[in-house]
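Structures follow.
Consider the two complexes below, in which chain A is the common component and chain B and chain C are the respective partners.
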Partner chain A sequence: MFSYYLQLGFHSLKRNPVLTLLMVLGIAIGIGASMTSLTVFHVMGSDPIPWKSDKLHYVQMDSWDPNRAYDDDDQSMPPDQVTYRDAVALIEAGKADRQAVMYKVAWPVQPENRDIKPFQSLGRATSGDFFALFDTPFEYGNGWDRAQDKEHARVVVLARETNEKLFGGQNSVGKRVRLNDVEYSVVGVLKEWKPKIKYYDLTNGSFSDPEEFFVPFNTAIELKTPAAGNNNCWKNSAEGWEGYLESECIWLQMWVELENATRTAEYHSFLDNYVAEQKKLGRFPRPVNNRLPDVNQWMKDNRVVSRDVEIQLGLSFAFLVVCLVNTIGLLLAKFMRKTGEIGLRRALGASKPQLFMQHIVESGVIGISGGLIGLLLTWLGLMAVRGLYDYFDSVARLDWPMVLATIGLSIVASILAGLYPTWRACQIAPAAQLKTQ
Partner chain B sequence: MLKMNHLSKVYRTHMIETHALRDFSIHVREGEFVAVTGPSGSGKTTFLNIAGLLEEFSGGEFFIDGVSVSGLGDDARSRLRNEKIGFIFQGFNLIPDLNLFDNVDVPLRYRGFSAADRKRRIEENLARVGLASRMKHFPSELSGGQQQRVAIARALAGSPRLLLADEPTGNLDSLMARGVMELLEEINRQGTTIIMVTHDPELAARAQRNVHVIDGQVTDFDEEPRLRVPENGRDTVATTA
Partner chain C sequence: MEFRPILSALMRSKVALVLIGLQIALTLAIVSNALFIINQRIENMGRASGMNEADTFMISSLGFGAGYDVKNAYAEDLATLRGMPGVANAAPILTVPMSQSGWSEGISLTTTQQNSDVGVAMYFIDEQGLDTYGLKLVGGRNFTADEITHRDVRSTSWPNIVMITKALGERLWPGQNAVGKQFYLDQEKPPLTVIGVVDRLIMPWPNISNRSGDKNAYEFSMMVPQMVPFGLQTRYLVRAEPGRVTELVKAVEAKLAQTNTSRIVREARTLTEIRAECYRSDRAMLIILIAVIVALLSITALGIVGMASFWVTQRTKQIGTRRALGATRGNILRYFLTENFVITTIGLALGAVLTYGVNLWLMQAYSAQRLPVLYLVGGMIALWLLGQLAVFGPATRASRVPPAVATRSV
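== the complex of A and B ==
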């Protein structure tokens, strides 16, 4: 019978084309608006590295001002970056399975090919573990190892686009690249790697573009490369680069990979001990407050999904409800116009459940039609979001789960909208309707 | 085939009680052709609706084919209606945007016949009413008489044992009415019980038995049905001894 109901549902669409169009458009616009918001919300909130997000932990230690918490809004939250002294100490201790310290740098790239003009480029100075830690995919070569970290090696990993620009996409491993007047040897080229959320450095923008190159952390430090990202200090530092490195300024991000909860607890304990030692040296004047949030917790802490997005999502779903109320009215009008047919079908042997099913399927058919147009509107809506806000480029995109969710939501919504009109239609007394035909 | 004992039907509003049927008793035997006559508002249609299980009754007993209808749920009533009863309406009640094939298909769908069985029944019954060649036509392309023939084909498609006809010729001119009436008589000769509500005394006279309803009660009831006996290819009406 389901195929018969489906056939009747599609047939019914043609019966009152204007009414049908109004209902389908009502659902489509509501679905388009809500799914545009939901897609952005879904991608923003989705796990960017689900296979190991629970093993990657961001390191937070409270080395801040004794008289004032780092975060006025949430005083329990330690600073979101670490000092150079602490980062180096933790890296040297090597207590984690993998560990990477990092910061954002801005260097000019000076191509050997005179046809290509030098250009300013954003990169990341980090530890060799960075690539294994975040499972970055390599097109050619690899990252550097811990020995090269220690040696301050002049090596570089290029992003795919940079390699395209400098070497036409060829295997450039072993070739030389000049960055800020220093020559580096290419050891690896990444494949396309654009996490939708730049979770490994939320302090410098959750949706920023990924880096164009990566160089060893110690190399960048040796070359006295200042951070191109956030840098916060609560007391003055001594003069010069060395003074800055020894200061209480926070400007580095640090991630560790810990295989399981036991390892995490051990590392947490190590941090507590480290801070206790530092307190003896007169540092860390605030109470011990070390945190090791995993990727998803770190995204929550940084409100990657902002309050504005949540409000927008709520409003768009409220709009969908308004559209559905409108659809309820139109469906009621549609079903009430065919009371004669409903009475006739009852007389010819249809039971109430059969008629109920028939009309629910008819509502579902309207939902499918609305959903398909809604999908198109969602796609257009996301294009508009990307056009308006560059930094949403990576998140305002439809994926398959959201396509299916769009169709599913429109079917569920239209069935919900069809419940009351269908119930009313099934209450029709057939005898009265047949007499009035 | 159909038996009502002391049946009553009361329509209640918060102010008024209207007795549409009172102490209504009738026994229609298998194979009979019964005409129900009476003035407007006398309760003929209410009787037909109750007989067709389209309305509940307020009191009394009602049996179809030996099955007591009292206490049957909606599903069971729908099934009984679908399997045993066919309807013919004054206004034909065809679904305008379905072609003749699909119109006749409606009761068969609810019966759960296979596609092949449905096709066979639709074709047979449309052929029976002389419209086999117009299966893909829509009701609006047919005359009133042809539309009523389609309605008869639809009523017969599920092989019901009881056919309920409410003023089946009321919307037709006399020529078309005669054609429809002859078709009903032929169907009755083949064994289907027919109860027909009509205002037309000429049509009523062609039935085997007349039931006259006034104020919701049977006032004139031929106890002994007149049997239709074929004689030299023509029907005559005889009274049983």
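== the complex of A and C ==
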């Protein structure tokens, strides 16, 4: 029966090609617009490390100015980075299952091979736990351990591209690399690791690429390496690098891994105690306000999904509603024009449910065609979005769930749009229609 | 006019009325809010930086090696740059407007003030900075060569003279001449004296959210007579002679790389590029919203055409009857135009409510501003015109229905 209805549907659609085209295009444009913005929204907001995002917590402590909250827009929000003093104290206490302090550095890379010109490279100075914390995949070797953290080891982990550039992609573990005039020995090389969102450091661009090399935190500090990322101070500090390390300036990001909610609660009270101790020393002048947001919460706090993207999503779905209302009107017009035919079918014995099925199938056909064209429009739309926002390259891409959602949405939408016109069509009394024929 | 028959006819096909009305209401709500956002973005993007953008570019040099001397690098590089053909002037800088990175400080007017509420962007320049940026001095004087010092990035002391923008002066000392006035960056240290005022120089982050309510807050900038290397990195602003900026970018890049090999020359970016990047997301939003408006208006127009054609077909017989009873073509045409006007007006009335509903949502969720009524009125007029245009085709077709139709059975 279904295939017969399908045939009837196609036949009926072919009879008014212009009207059919209008309906299909209406749905397609609505679907294209809403799915384009939904895809950007979905990928931007999607969990970058779903298997452990709830175990990874960003550390926030309110060490800020007593007279002014850190964030003017949200006064309850503690600063988004920590001071050197606090980071070191927390790492030394070692209360979390894993912990990593980190900051962005910019160093020249001076290749041994004179044919390769020195180039500037962005790196991350961090703790050895970083790699296990974020499950970075290794091609060769490993990260460094906590002992090497302590002794300021001159070791480096290279990203895949850097290893490609310096060693032609060969296993370079044990080889030497010169960074800013200091020699490091390669201990590990990462596999391709490009999270769509740079969730582990949202203070320096949520969609930037991961760093090109990783070195121990203490090594970078010993070499007095300034942060290439954000640095904020509310209080003037003492002269020089030592003064800076002792200061209330915030410039470090800190992550901890905590196995479960109990551990998180324990860590939270550890932080509260730590701040209480510091208050006795005259630091932390604001009320105690420590936070341990997990990955997804931290992404929300930092508005990884921007206001514009949310507004676009709202607008595009309102647009889809307009397209659907439009389709309802056109379908109604179409079905009402077929009253004679419907009357005839009823007179020949077709029941109301059968007629209902027939017309819902016809709406579905419009939906599927609209969905397919809509998919094409979504693909074009995403291409346009990538052109408009250069840093959306990784997020404005279709994935399978989104393809299926697009087709699903268009079928559901067109059937919804078809319900009322179909119901109206089925109310037609056969006799009244046949009389005038 | 013939409102009564139109209304009674409309009441008989309420669904169609609701469908078109709803479509028009939603369209109005989206279009007027989108137009408002578009206009704000255009205003944002159109703000002048106060500097010469057409002929300038910045370039950075990152030195390496124990023997690398930053002070030397500054002296050599500036001499090289200023001596190059095609270069109008060059200066050591930390940042440029719209580049999104830089240094900010809080200003206090007294040593006792607890809370500095004036955030200001810091521009570090030498005596050629004013000319290289292309700024207009409106009061006081420029720095002299012997006032320029080298600053360590970790240093905590400040020189005792600065230049500020007119907007900052107006904020700190309303209605007074800022030249000679003093303020504090560090209340435990001596105050800084304003020696010059420039007309305008916007912050590196002109899109800052501004809670203090001062609409000129993005113009609060200060010029400090210092050269600040970042580690071994030095940065310069180069102003080319008019029209030569593109060729000079390459020439300067090559020249700097050649004069000293223990460094990396990078980040050569023209101000035009920096501006485009700064406003990229505004521009993207603008284009997306325009596309949405165009698509929405087309869909709505097509919807009206579709529904009107359907009505004309359905009413062929009545039209014929009316014609047979003496109605002119003009009467029929006017009937459909008026009918559309009535439906559109009902839709627009609902749409006006919806428009402010959407605006309220934007205000609450995104701290947007209240929509000026002008946008609503503009949207309404546009939709009235659109409706009339869309219905014109089907209405003309209706007016051509011959009276003889009335006598046929179908």
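Please note the rule applied: the second predicted complex is superposed on the first by the 428 of 437 C-alpha atoms of A that agree within 3 Å, B and C clash if a C-alpha of one lies under 4 Å from a C-alpha of the other, contacts with A are read in each partner's own complex, and residues count from 1 in each chain.
Basically, a contact is a pair of C-beta atoms (placed from the backbone, for glycine too) under 8 Å apart; a residue touches a chain by one contact, two chains touch by 3 or more.
In this text the structure is predicted, and so the values were computed from the model without any measurement.
Peer 1: Taking the superposition as given, does A:Val325 touch the first partner, chain B, the second, chain C, both, or neither?
Peer 2: A:Val325 contacts chain C only, not chain B.
Peer 1: Go through the superposed model and pick first if A:Ile27 touches only chain B, second if only chain C, both, or neither.
Peer 2: neither
Peer 1: Should A:Phe119 be classified as contacting the first partner (chain B), the second (chain C), both, or neither?
Peer 2: second
Peer 1: Touch check for A:Glu341: first (chain B), second (chain C), both, or neither?
Peer 2: first
Peer 1: Report the partner of chain A that touches more of its residues: chain B or chain C.
Peer 2: The larger set of chain A residues in touch belongs to C.
Peer 1: So in the superposed three-chain picture, is A:Asp308 touching just chain B, just chain C, both, or none of them (first/second/both/neither)?
Peer 2: Second partner only.
Peer 1: Is A:Ala106 touching anything from chain B or chain C once the two structures are fitted on A? First, second, both or neither.
Peer 2: Touch status of A:Ala106: second partner only.
Peer 1: Please work out whether A:Val82 is in contact with chain B alone, chain C alone, both, or neither, and reply first, second, both or neither.
Peer 2: So A:Val82 meets neither chain B nor chain C here.
Peer 1: Return the residues of chain A at which the contacts from chain B and from chain C coincide.
Peer 2: In the superposed arrangement, which is not itself an observed complex, chain A uses no residue for both chain B and chain C.
Peer 1: In their shared complex, at which residues does chain A touch chain C?
Peer 2: For chain A paired with chain C, touching residues are 19, 22, 26, 29-30, 33, 67-68, 72-73, 106, 108, 110, 118-120, 180-181, 225-226, 236-241, 243-244, 306-308, 310-312, 314-316, 318-319, 321-323, 325-326, 328-330, 332-333, 336-337, 385, 388-390, 420, 424, 436.
Peer 1: Enumerate the contact residues on chain C facing chain A in the complex.
Peer 2: Chain C reaches chain A through residues 15-16, 19-20, 22-23, 26-27, 29-30, 34, 37, 62, 64-66, 114-115, 152-156, 186, 188-189, 209, 211, 230-231, 233, 263-264, 266, 280-281, 283-285, 287-289, 292, 295-296, 299-300, 302-303, 306-307, 309-310, 313-314, 358, 361-362, 365-366, 409-410.
Peer 1: Can you list the chain B residues touching chain A in their complex?
Peer 2: 45, 49, 52, 54-55, 74-75, 78-79, 81-83, 87, 89, 91, 93, 95, 97-98, 106-107, 109-112, 154, 158
Peer 1: Would you pull the chain A residues touching chain B in the complex into a rising list?
Peer 2: Chain A residues touching chain B: 1, 4, 11, 14-15, 340-341, 344-354, 429-431, 434-435, 437.
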